[in-house]
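Just below sit the structures, each encoded as structure tokens.
Shared between the two complexes below is chain A, which has chain B as its partner in the first and chain C in the second.
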Partner chain A sequence: MRAGEIAGRPVVTLDTAEDIAEVKDVVFSHDHGYLVGFTLNKRGWLSGPMKETLDWSGVRALGPDAVMVASGDALAARDAESGATGDAEDVVGGRVITDSGRELGVVTDLVVEVDEQARVVGYEIGGATVEEGPGGDRRYIPLPETFAVSSSALIVPASVTGFIRDDLSGFGSAVDEFRAQLEQTS
Partner chain B sequence: MDWVSWVVLAVAVLVIIFVVFALIQRRRRSGGIVVNRKGRRGR
Partner chain C sequence: MTRFAEAEHTPVYSKASADEIGRVIRYVVTASEHTVAALQVGGRKSKALLADWAHVVGFGPDAVVIDDEEHLRHPDSDYEQRVTAGELDLRGRRVLTDTGYEIGALVDVEFDESTGELTALETDRTSVNGDGLVAIGPYAVIVRQDAVRPEEEPPAS
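Showing the complex of A and B:
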């Protein structure tokens, strides 16, 4: 799933089926790109951001239409880990460059794999350097298992160009193949 | 000014206040994908 799709989803409690908040920011850790939590908006078009945040450990399910939590207690006061603090940086717009010096595009979204944890496995890229194809002007590039998510330029191995996909179908296997190739060469 | 002008002026001021408030709220509500330098690894 794309991380950008999570923003705006309602946060619903399992105990009372109440719609208690709405996802504002999707917050990832700098190291290894784990999803650590969400900052929240109050419900309603004219209401503002909430002081509380939702830590990933409080999420029971991350569905296509809602983020499910056990109860309203899952929301906690904003902390340095799950909340977007003063150190938080926007990822979208960062340049993706291969180690051979070729610019692949700019980051437009993150591709997230969700199981026990939610983790970044790839970047959606766009921009002037991405040519229009059958799937539009967006491409998906897999990322190595160990990398740091950054808002500045992202350096990827040049071999990643062979694993770039036009859409998300089959992207999971592209990630596995790319990582297997990196392991073999290292 | 007659009372009609006062009413028109008052409505105009209220509309401007509402639009400014709505724009500020929209900006405050807009989210994104961020990286926290203090973030920890998963659960």
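Showing the complex of A and C:
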């Protein structure tokens, strides 16, 4: 799923069925792209950023209509010691450039794969360099297992161009194939 | 089996005095036990009064009989106060599974009038086994996904 789809989802407690927050953004680790949690906004017309964040370990379920947590205790003050992390908003707008010097596009969203763990596995890109295709003017590019993110530019291996997809169906296998190919060539 | 909507406004009688003491206006449900814990009896008194299910001796189509009106009590917990104030009314409330899928708005609740046990929750899209109730709150009624009746189960996450 796309990180942008998760933003705005209510965070609901399983014990009291209250909507205690809503997702503002995803927070991921810079080294392997693991989703470490979410930044939050207040709900309703008092909306605005909250000091508390939600750690991935406190998430009981990430559903299409709500993020379920056991109780209000799942929210905690942001831990400054949690290592190098970034938010989707730090990355969106960054240019994606191959290591051979070709611009592929501009990041419009992150692609998140969710099972036991959740990880950022790709970018949705758009912009002038992306041509209109059958799936619109968005493309999905897989990321290497370890990737370095900066807010201005993202350098990806040139071989990624063979694994760019028009939509998210089958994107998981594109990620796997791209990573397997990187493994072979390294 | 009886539905909440059917039994609302049913007159409530005291067996001890044979007086009509009011009508059923709401149900206090203990979500964790998926049972009706008490009935809110409305009528002559303006303050909310509850009859604990243990004092209900008969629940029929025309009348609910409790053992003695002396057993009516005021709501004591915060939850009971919110229920009797109408803040947690079930009908129309969003129903969410514990996996984060919305499965409609609650239309009615079916229960066993001899035990007070909930047997089904009906939404405008599907129905859920009564024992799948997890929590009742201001945002939603939460149910276990595995208790959603199979014909219209939400897609697996």
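Here is the rule we go by: the second predicted complex is superposed on the first by the 176 of 186 C-alpha atoms of A that agree within 3 Å, B and C clash if a C-alpha of one lies under 4 Å from a C-alpha of the other, contacts with A are read in each partner's own complex, and residues count from 1 in each chain.
We take it that contacts are C-beta pairs under 8 Å (C-beta built on N, C-alpha and C of every residue); 3 or more make two chains touch, one makes a residue touch a chain.
Note that this is a predicted model, so its numbers are computed, not measured.
In the superposed model, A:V91 lies in contact with chain B only, and not with chain C. Contact with chain C, but none with chain B, is seen for A:L62 once the two complexes are overlaid on the shared chain. By the touch criterion defined above, A:T16 lies against chain C but remains apart from chain B after alignment on the C-alpha atoms of chain A.
Touched residues of chain A were counted for both chain B and chain C, and B has more of them.
The intersection of chain A residues touching chain B with those touching chain C, taken from the two complexes, is empty. Residues of chain C touching chain A in their complex: 96-102, 134-142, 157.
For chain A in complex with chain B, the touching residues are 3-4, 7-8, 23-32, 34, 36, 39, 41, 45-49, 56-57, 80-85, 87-92, 109-110, 116-117, 119, 149-151.
Across the complex, chain C is touched by residues 9-10, 12-19, 60-68 of chain A.
Against chain A, in their complex, chain B makes its touches with residues 21-22, 25, 28-43.
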